[in-house]
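Structures follow.
Note that chain A is present in both complexes that follow, paired respectively with chain B and with chain C.
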Partner chain A sequence: MTVKEMAAALQLRVLAGEEGLEKQIAGGYTSDLLSDVMGYADAGMVWITLQTHKNIIAIASLKELSAVVLVKGFEPDADTVALAIQEQITLLGTTEQAFEFSGRLYRLLYP
Partner chain B sequence: MICAKADLHIHTFLSPCGNIGMTPLNIVAQAKAKGLQLIAVTDHNSTLQGPVVRQVCEREGIAVIYGAEITTREEVHCLAYVGSEEQRVELQHYLEKHLPHVPNNPDIFGYQLWVDEHEQVLGEAPYLLISAIDQGIEQVAAFVHSIEGLFVPAHIERSRNSLLSQLGFVPPGLPADALELSRYTNPVDFCSKNATLKKYRIIQSSDAHFPGDIGTAATSFLMEKTGFAGLKTALTSTHE
Partner chain C sequence: MDLSFHIQGGDFTSAGTASSQVRRTLKELGVDAAVIKRVVVALYEAEVNIVAHAYKGIITAEISPERVFLQLVDEGPGITDIEKAMTPGFSTASQEVREMGFGAGMGLPNICRNADVFNIHSVPGKGTTVEITIQIK
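What follows is the complex of A and B.
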């Protein structure tokens, strides 16, 4: 499944980095500790978080994640958007909280 | 120049996690017993115990700096130090404006009281002081600098509520005046393993929650005069 297909199926808002919409999704990872994501997320995963700091983009880029989903309607910081555009990391938004969104993505990926 | 031994991260009884023994008199007595010349009072998201500690310090001949340990929106603990009573009040207003109104439950988190020298209660902070304020780390740094304070991310190597645990690495361009290590880490080992942080000053303090913790870690600074201005000069002068 591509990031674009996921975004359409789960009604996500594209916040930045449309260039990455064709990337393939290899799973999901839900965490708000950036050190944890650095250590344990795998390439191709969609990262679900409430952190909006620009470091999320650097970590998504470093770990070659396929997209970052911000939950609860949180808006990214301005420098986070700028870095997402620069690093071509797709940043998406949902109004759901992490449990609900993770559940829906899990069902979509592993029906 | 004076070489001042400083412990710049001390909680009082006002912090919900601060031991009941962390009263102004006890803190100052312990600090003197441990040979410290300079201390900073850094309660979670509050400065309200600072003025009484300052009174006791002035009488007992030990220097003190006002401060707070601020929890940013990312749940990173950051120390803020300020120079004057006016700036302490500004910092206190900022914290009260940005702390969420979650009532404290003393049975779970502990009491949040500040006291006078005779340990009579002066007041109680109504909202849970260990909550995160609604400001991001860069916003907190900018505010602290706007009141001419010093901004120091706390215990950055710890696995909870630290710059590295919450944000993975030090954000490029973060205007930190120093980075603090906890008392559990050897600063020389840390610096050799983290060469990218060489451009920052590294300081170490105790993060005391119990009287016996005070002075278990400290940093010595060369200063003209022991106090905030001396610390600011020591931290912001050219670092090699």
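What follows is the complex of A and C.
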């Protein structure tokens, strides 16, 4: 499944980095601790978090994650958006909280 | 090939710049992806440690066909009890840093898991030196 297909299926708002919408999704990782994601997420995963500062894009790029989803309607910082565009990391938004969104993504990826 | 970077303590907006540059260089050199992944995790954590705890630091990366050697020398408060600092979950990071999702006490354990050789030496009141070796072959 591509990031674009996930965004459509789960009614996500595209906040930045549309260039990355065709990337394939290899799973998901839900965490707000940056070292947890750094140490344990794998390439191709979608990262679900409430962190909105630009370090999330640096990590997503370094780890080659497919996309970042901000939960609870949180808006990214302006420099987060700028870096997402530069690094071609798709940044998406949902109004749901992490538990609910993770559950819906899990069901979508592993029906 | 040698790369070197100056890191400013407290500058979270630039955190990861050195890791990103080293990753790009390793990719250009055609280094195995699994090796690059380990270098990225270890170096990012060590880089963030300077940003979160030290006043300033210098990172050097020596890349040879056999190994990647990373040395991070900082001027900062140092670590009084390294064994404690290595304990997963232990952190002295400020509340502000924790709210950003850093300072979870996973940095040094992440370095340890990804390095083939990991040395840490600290003088309280002066600074900390971290050396990480990751074998390519």
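Just so it is clear, the second predicted complex is superposed on the first by the 111 of 111 C-alpha atoms of A that agree within 3 Å, B and C clash if a C-alpha of one lies under 4 Å from a C-alpha of the other, contacts with A are read in each partner's own complex, and residues count from 1 in each chain.
Following the convention adopted for this analysis, a residue touches a chain if its C-beta (ideal position, glycine included) is under 8 Å from a C-beta of that chain, and two chains touch if they have at least 3 such contacts.
Note that the structure is a prediction, hence the values are computed from the model and not measured.
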Fit or clash for chain B plus chain C once both are placed on chain A? clash
Regarding the shared-chain residue A:Q51, is it in contact with chain B (first), chain C (second), both, or neither? both
Applying the document's definition of touching, compare chain B and chain C: which contacts more of chain A? C
A:A82 in the overlay: touching chain B, chain C, both, or neither? Say first, second, both or neither. neither
After superposition on chain A, the stretch of chain B among 1-9, 55-63, 73-81 or 109-117 that runs into chain C is 73-81
Please write out, lowest number first, the residues of chain A touched by both chain B and chain C across the two complexes. 33-35, 38, 51, 53-55, 58-59
What does chain B use to touch chain A in their complex? 74, 136-137, 159, 164-169, 171
Considering the complex alone, what residue numbers of chain A touch chain B? 33-35, 37-38, 51-55, 58-59, 77
Spell out the residues on chain C that touch chain A in their complex, using ranges where they run on. 12-13, 15-16, 19-20, 23, 37, 40-41, 44-45, 48, 100-102, 104, 106-107, 109-110, 113
In the complex with chain C, residue positions of chain A that touch it: 32-36, 38-39, 43, 49, 51, 53-55, 58-59, 61-63, 79
